[in-house]
Amino acid sequence: MATTRLRSPSVLPGFGLALGYTLAYLGLIVLVPLAALALRGAGLPFSEMTDVFADERSRAALGLSFGSALIAASIALVAGGVVAWVLARYRFPGRRVLDAVVDLPFALPTAVAGIALASVFDATGWLGGPLTALGVQVAYTQVGIVVALVFIGLPFVVRSLQPVIEELDVEVEEAAALLGASRLQTLLRVVLPTLLPAGITGFALALARAVGEYGSVVFIAGNLPFRTEIAPLLIIIRLEEFDYPGAMALALVMLGISFALLLAVNLVQAWARRRFGRG
Amino acid sequence: MSPADAAADRGGLDWGESVAVRLEDVSLAFGVAAALRGVSLEAEPGELVALLGPSGSGKTTLLRVVAGLLTPDSGRVWFGAEDASRLTVQQRNVGMVFQHYALFRHMTVYDNIAFGLRVRRRRGGRTLSRGEVDARVRALIELVQLEGLERRYPAQLSGGQRQRVGLARALAIKPRVLLLDEPFGALDAKVRRELRRGLRELHDRTGHTTLFVTHDQEEALELADRVAVMRDGQVEQVGKPGEVFDRPASRFVFEFIGESNLLPVAVRGGVVEWEGRELALPRVDRPDGPALLAFRPQDVDLAPEPARAVEGVVAASRRVGAWRRLELEVGRGRTRLDVEVAGDAAPSGQVAVLPRAFHLYDV
Amino acid sequence: MADRLAMPAAARRRGSPVAEPRGLKWALTAVALLVLGVLLLLPLAVVFVEALRGGVGAYVASLLDPEARAAIRLTLLVAAIAVPLNAVFGVAAAWAVAKFEFRGKSLLVTLIDLPFSVSPVIAGMVYLLLFGAQGYLGPFLQSRGIQVVFAVPGIVLATLFVTVPFVARELVPLMQELGNEDEEAALTLGARGWQVFALVTLPNVRWGLLYGVLLCNARAMGEFGAASVVSGHIRGQTNTVPLQVEVLYNEYNWVAAFALASLLALLSLVTLVIKAVLERRDVVSKAGHVAR
């Protein structure tokens, strides 16, 4: 068979069947629809794409989505880092339960998370009430969007960092202390660099998820055009208006920026892996 | 000799003042398991002391207590005249090389060695200029023979090279005590022997008070000024290598160090009897009763008088270099003995042997 | 002086004097608890509190409402189709990827992960582009009278798309870790292809498979973004539970919205509990479902 050159010979049966089914299924469910997007996108006049940037509303939506995602991923990185450290290093009653809770945003449907967060943070909400009294408005502002995105990004950061922290060699920290480093110096110079690759991975995952997030955000966002309207929502609006070219253009621009962003992060990640060891 | 002269004497580099290390009745338990039981030990300034013992004997625990990584339940540690319990780990100025080196993976060899100097510089200890740090690091790299590897990362080094980085890193801070935890444990036999020699030379040059942990008795005997044999959290015997080898204080020490034979005997009126017969051995000052006759294979001769010797059958015989190794089955109990005789002798069948040097221990 | 908050590393070490000062440990722990409590637990609690705000009677009534029942039926139907299909795919893909070496393997893995990295709204959109009235197949389907988008088939397809990777992502690393030895041994003992698979491979991966199916199911039942694009929001017909929740919420019908939401929340809690149990058995790693 021609496949023997394309794959290492193996005694196990079923390769052809498994691969064939996999490719067929994948092709049908994933690739063909995406190809449709690509084809239609290719057929778009270039002006449609530039219009996306020219249109103030689209610009605002893209800026909001990407800006909020970057802010949220950064906050998630710090908060998630603390959570990961505490879960990995300290022992206290209820630690196991909290460890399981970290996965909640991953398991909870986005719409449920969306209405729950909106409820908690709106002007009469459990947290929104006190905060509004203090003059801080969360719901229907970018703050709310960022909060929702931190919610869904947190598990990615925690689960990326936790195994690496657990595997840290305590002796290395002891060696640093014996050499005279204070705890702070040890954490900054010895521990943090080792955690950097995993941290970047977590950041990238949270970022990627946050950029395209819809369900968790639409309820708390307020969805005012130019102000609190995220890009995925604008795509839906355009689709509902049957402005398919407009929706596609926006979607393609979104994909393009995401791709570029993640490529940049991947490069940073590769550098960090080389410099600081495996993530 | 002034410190400066002494420094010049040691190859132009000041290694810091070495102090005596003293453990005073140190005890430590992990939950119910006692790791150290009232251990007292002293190392003179500049002395190289080996902590020797099987796993679980407490030797690594002892080392970590000296380093300050563990706090004893009772007892004290002294560095010279200073009570170490007042000092944090950072303040102790103890250099330690871990069994798996614990090098900073993300730093080059140079940065690893410079680490102790840089962190102290920032904390306002002794303020070293960049130039001074550089000079010291380079001198250390030269000392451990790692020239040319400064920019490498630990992952790119061999085991022996990593160990030397660990050493240089520990020496950089001018420790008053050097602690080595199974320094050759992670290396293969050939590298181990070379490094052993290197360590001894290094010690002679730098003169640090050194405690090193090992389970390899050959290593301990070869390297150390004094050996402390440990077992179950206690020190069984401390002494020069020759002492510990020739005059083991207990059966455990005897068996642990060097090869051993143990033969059940009885003492009657100062005479050693084996299976009812009197052995042609010197009289012993020991109360009557059963005992164990302990002797090394190398301390055995073929006996001229079989009736007053240990008789048995040769079970196996092989030539080892210039000697011959015999495995004997002796007596009713068919005890096995290892015996070394001259290479050209080739006894077989029935033989009679007698140790020329021996110890007697309680059963 | 010795730190009593023991470190997990070596069992022999008691609290290491090299760790953070007591005060900082408590502070960090407090921050972590605050983050998890406020950001994660509070919203979860709100769902149940709001759902029961009108009392148990109102809660049950919301769930028995015909529209709610239709939404639940639709969600169950979608999951019943999507999950088995993707489970079979996951097993096949894992078999191909984990047991064999071939050119283009990493490309295949990237492709399998693709739906993961696409925004759900865009995922829905691509089906609209394919099957919608203005889509490629639009005229063809219209002439046949087949309705895909704004109807149940569209929702099924969009959900399929979004949940494709879940089972595969659990099984691939698991099967890679298990290696080929068991299967090869079975072959030498004379077992044939399907026997090897059914009697050796499947039992070995059963817990990973269960977990992957659970995640796939949770996502299939909870899918919102993609379904939103494709569904048409026709009450009683093309609203899944998440879509119905949105409708109710936008109508300020809090109790009903949260009542339905609580069903999904319970499902996610069950998923978490099962995950914790599987973790105890060392079957699933904490980071097992995070993209590599």
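Letters are used for the chains, namely A, B and C, taken in the order the chains are written, and counting of residues starts over at 1 for each.
Methods note: contacts are C-beta pairs under 8 Å (C-beta built on N, C-alpha and C of every residue); 3 or more make two chains touch, one makes a residue touch a chain.
All values derive from a computational prediction rather than experimental measurement.
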{"item": "Interface with more contacting C-beta pairs, comparing A-C to A-B", "value": "A-C"}
{"item": "Most distant chain from chain C by Cα centroid", "value": "B"}
{"item": "Computed distance of Cα centres, chain B from chain A, in Å", "value": "55"}
{"item": "Computed distance of Cα centres, chain C from chain A, in Å", "value": "16"}
{"item": "Contacts with two or more other chains, residues of chain C listed in rising order", "value": "13, 16, 18"}
{"item": "Where chain A touches two or more other chains, by residue", "value": "174, 177"}
{"item": "Junction residues of chain B, two or more chains touched", "value": "68-69, 89"}
{"item": "List of chain C residues in touch with chain B within their complex", "value": "1-2, 12-14, 16-18"}
{"item": "Chain C contact footprint on chain B (complex, rising order)", "value": "30, 35, 61, 68-71, 88-89"}
{"item": "Complex interface listing, chain A residues touching chain B", "value": "169, 171-172, 174-182, 185, 189-190, 193-194, 275-277"}
{"item": "Chain A residues within the chain C interface of the complex", "value": "3, 6-8, 10-15, 17-19, 21-23, 25-26, 29-34, 36-37, 39-40, 79, 82-83, 85-92, 96, 98-120, 125-127, 147, 150-151, 154-156, 159-160, 162-163, 166, 170, 173-174, 177, 183, 186, 205, 208, 211-215, 219, 232-233, 235-236, 239, 242, 244, 247-248, 251, 254-255, 258, 262"}
{"item": "Chain A contact footprint on chain B (complex, rising order)", "value": "67-69, 89-90, 92-96, 98, 100, 102-106, 115-116, 119-120, 122-123, 125, 155, 169-170, 172-173"}
